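Chain naming follows the written order as A, B and C, and within any one chain the residues start at number 1.
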Amino acid sequence: MSRRNNELSTGSIPRRALITAAATGLAVAGLPWRAPAQTGKHTVTIWSHFAGTNYEILKRYVAAFNEATPDVEIKTTSFGPSEILPKYLAAVAAGAAPDIFHAPGYVPPDFARNKLIIPLDDLVKLDPSTLKNFDPITIYDGQRFGVPVNAGLGAMCYNLDLFEKSGLDPSKLPETWDDLIAAAGKMTKAAENQWGLALGNQPGFGTAQTYWSFMVAAGGDLVTPDGKASAFNSEQGLETLSFLADAVNKEKISPRKAYTDVQSWNEWGTNKIGSILLYPVFTANILATKVRTASAPPPKKAQRGAHFAGNYWTISSSSKNKEAAAKFCQWWVQPSISGRWAGESGAIPNSQAAIDDPGFKAFLAKNPLGQAFIDTIPFARPFPGIVGLPGMIQIVSEMVQAAVLGGETPKTTLAKAATRVDQELKRAQKA
Amino acid sequence: MQSGEARFAWFSLLPALLFFAIFVGFPVVYSFILSFSDWNMTSSTADWVGMANYTSLLGDEEFLRSLLQTTLFTIAITACILVFSLAAALLLDLKLRYIQVYRTILYFPAVTSMVAIGIVWVWMLDPEYGLINQLLRIVVIEGPLWLADPKMALPALVITAAWRNVGYFATIFLAGLQAIDLTYYEAARMDGAGAWDCFRRITLPLLRPTILFVVVMSVILSFQVFALVYVMTGGGPAGSTSVIVFYLYQQAFTYFRMGYASAVGYVLFVIVFVLTLVQFKLFGKQADA
Amino acid sequence: MKRPGMLRTRTGDDHSRLMLLVLQAILVAAAVITLLPYVWMVSSSFKSNADIISASIRLIPAHPILDNYVTALTREPVLRAILNSVVMAGGETLAVVLTSIFTAYPFARLHFRGRDTVFMLVLGAMMIPSQVTMIPTFMLMKWLGWIDTYQGLIVPRAVTPLGIFLMRQFLLTLPRELEEAALIDGCGRLRILLQICLPHLGPAAATLAIFTFTASWNEFFWPLIVVQSQEMQTIQMLIAALKQAEAADWGVIMAIITLSVFPTLLIYLVLQRYFVKGVAMSGIKG
């Protein structure tokens, strides 16, 4: 075959490749293969689910703590909120968990029951004015397992430009669900992709929050008082689900679209969305859009209501530096620190004292949307602090999307989801 | 000579097999054992439950649904790849000016992370602002709701996956095409064969190992599709894009059922393994000759 | 044999000008479809957050800004993350290409008992979803002391079924006659592999290298599990975490994604040369 004549000339290819390879190999060998271990003081690791701007701010706070506490050195790493859970669970399984785990709001009960994290009552003294709203999630079996980093809760934001253009009075924001539906109806011009209301419906934590926020206002509950079975297959549960589904399918005041809540907020800049249920960290982005915006506590149904969210410092059972880790938590809950943190990061402080702190007050003075969130605190309720909460949240959020986009009636969807939650709670809570 | 060959074979395989035993064998055996337990990830102990995970899978409607949806996804995307990647490879094999530029461009999507693709394609498929529906509107067609419609969400994911993978597999086909000895074509030309004859009689048969590779890879990868769903739909709307590995991931990390999730993984393994064997039987024989 | 005004393909087909135009048009269309999302991505990276989300689509930013890149490069450890990804993907590519050649050869060329069984076993390893084996593999890393190290990122993926499979398929397309002559001359199999087959494996090695680098570059879950410290973070981990930041900074994310695409493209461009040259040398002579 004619090919054999060419063999000699082809020899150079692999050799050149090998040289490149060898060069790469040397480059790899030259790099530090392991971060050098710290010696002398207690090194405490934190895995945070903050990212971007807020992680940058957190790093500054950690640096300040390290400065103020010579015998403790904190090292932080940031992982995204949805991946920090698999990350942490894998680490626990291999015995490589961090000292402090920055827990998303729905994991403390499960982790506490299985002793992945330790009770903190003897290690950290919270400020006496710490918001009581945190208790259901952080207290398990009478002991506190999480130190609130900050709170977060949803308030409504309204587009005042659209209010005026639609002949609504911008000084009279909707008070009730019916007001909201009526106002959103006036603002909607479907042909121009202009919608009165946009809410998240993609499966996940955000959508479950939205459902629960309206459900609190409807006066319903997710689970029975003993926390062992679902309770949302009720009149109030149906009212809430129908409200979300009808906004899209019947009243047609919301776009028929698969939304995460962040996506729904992101469209604010188009000036074609009349209202959203917003969390405070995003207020800076909303203000940056230059759309004239007003905020208010969510509208009421049977009562005023909202979802109360939070995130927590927890200490791993396997930590060898529990006391040093607790020092950081103790430092964090000082109102002057927590208040300033909330102000800088755009969150709600963890205690009344922190709310009253000048660091936070300065933020409120600058951020015209902030006060509504503070006003919402008294009637904001967290998710029930039950074992099996992550599963329930997932099922509830899937239910919302199925009712909004799936084409089934809210009633059937609700009944199915309730059965699934019952099974899930029974399985998760099995001794 | 035959025994010397066998000795060389094992000598050359040994390091890789040893490596496999440690880094693949151990995790596989470990997780296989887990699939007979009820380990919930958060506790340090697990109970042996025998075949319970496997038997409850058979009655698990959501699992069966995800299995069906994964199968549909796999068939659709593999068909897309066979047609479009091979066509693209034939085009990219032309001696045109700037062909290098086209080859590079078509490979772009393969080097882009799924997270990035997710962000961009959720926007592309947006019923109101998305580029696709805006373009359809130019030709006066109101586009579908894509990810907001339980019937259209899976097709939308197929389109996204095709956009991402066609160039990737075209590169494999291209390498396969270029490995074919040109003397075959010269000989055929002497006999007066046209382009189509050459394609049918020379290119296709000689491309057989490559086609086998592409189909096997596509089936294995598509049955394990995860990132696409994870970043774009979260399994919705109404469960219409829940695929097996996504279901598995949720069982493990949302419901903390690692034992059950492992069982899902091994059922998936058996399905894909059998499918691969069938493919080898179907068009492997000649290639292996 | 070449007629004037016609295009001769590599395989000797002649195409008319019209046909040529049609083929060109298809290629251009394919390129446009491929590129459109990137145009949006890159243009977004030059937009402020408020401009990204706007009712009218502008592919050319009205007020282009560089702020996103400045923020990306100063606030986020982008360069370090890219370096980590390069080390991980480069190391893995090197390892995979070398191991695949040696492991694939016996499967493609030799006859020994158990060959097909072992091959199917190797292939089978590819069919178990990594989400299932992730945790035991991580436990192994802990025992080896490889958590948060480059070894931990690279070694568990240094031999891949995909690479072995790909190499085997390419070896099968090489004409046996090449080796038979050498065998008759009494060459050992190792020498045959190194001196006769290896030079022809240029395209296959380049293809495998491109694929491995790409896959490793985009790999996200394994680094997430192995890496514990900020210094070891890979670029995909950074992007994923930023994407989920509640106050999502779209412009910055788009800027980082834009930056993150280039190293892999570079590898592709560099290896494409070998890939094509290797092919050109292995038999285009008419």
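Here are some notes:
Everything below uses one rule, namely that contacts are C-beta pairs under 8 Å (C-beta built on N, C-alpha and C of every residue); 3 or more make two chains touch, one makes a residue touch a chain.
Remember, it's a predicted structure, so these values are computed and weren't measured experimentally.
The touch graph of these protein chains is complete, with an edge between every pair of chains. Most remote from chain B, judged by the distance between CA-atom centroids, is A.
Set side by side, the interfaces B-C and A-B show unequal numbers of C-beta pairs in contact, with more at B-C. Averaged C-alpha coordinates give centres for chain A and chain C that are 35 Å from one another. Centroids built from CA atoms put chain C at 15 Å from chain B.
With centres defined as mean CA coordinates, chain B is found 33 Å away from chain A.
The set of chain B residues touching two or more other chains comprises 129, 181, 183, 252. For chain C, the set of residues touching two or more other chains reads 55, 134-135, 139, 175, 240, 243, 282-283. Each of the following residues of chain A touches two or more other chains: 1-3, 86, 89, 93, 193, 270. Chain B contributes residues 40-43, 122, 126-129, 145, 147-150, 153, 181, 183, 233-240, 250, 252-257 to its touches with chain A in the complex. Residues 7-13, 20, 23-24, 26-27, 30-31, 33-38, 40-41, 55, 57, 99, 102-103, 105-106, 110-113, 115, 118, 120, 122-129, 131-137, 139-140, 155-156, 158-159, 162, 164-166, 169-170, 172-175, 188-190, 203-204, 206-207, 210-211, 214, 217-218, 220, 236, 239-240, 243, 253, 257, 260-261, 264-265, 268-269, 272, 275-276, 279, 282-284, 286 of chain C touch chain B in their complex. Considering their complex, residues 1-3, 85-86, 89, 92-93, 110-111, 113-114, 116, 193, 201-204, 255-258, 263, 270, 390-391, 394, 398, 401-402, 404-408, 424, 427-428 of chain A touch chain B. Put simply, chain A touches chain C in their complex at residues 1-7, 9-11, 13-14, 16-17, 21, 24-25, 27-28, 31, 33-35, 45, 47, 49-56, 75-83, 86-87, 89-91, 93-96, 98, 193, 262, 266-272, 279, 281-282, 284-285, 288-290, 346.
Every residue of chain B that touches chain C in the complex is listed here, in rising order: 2, 4-6, 8-10, 12-13, 15-17, 19-20, 22-24, 26-28, 30-31, 88, 91-96, 100-117, 119-121, 123-124, 129, 131, 134, 163, 167-168, 171-172, 175-176, 178-183, 185-186, 189, 195, 198, 203, 206, 209-210, 212-213, 216-217, 220, 223-224, 226-227, 244-245, 248-249, 252, 258, 261-262, 265-266, 268-269, 272-273, 276-277, 287-288.
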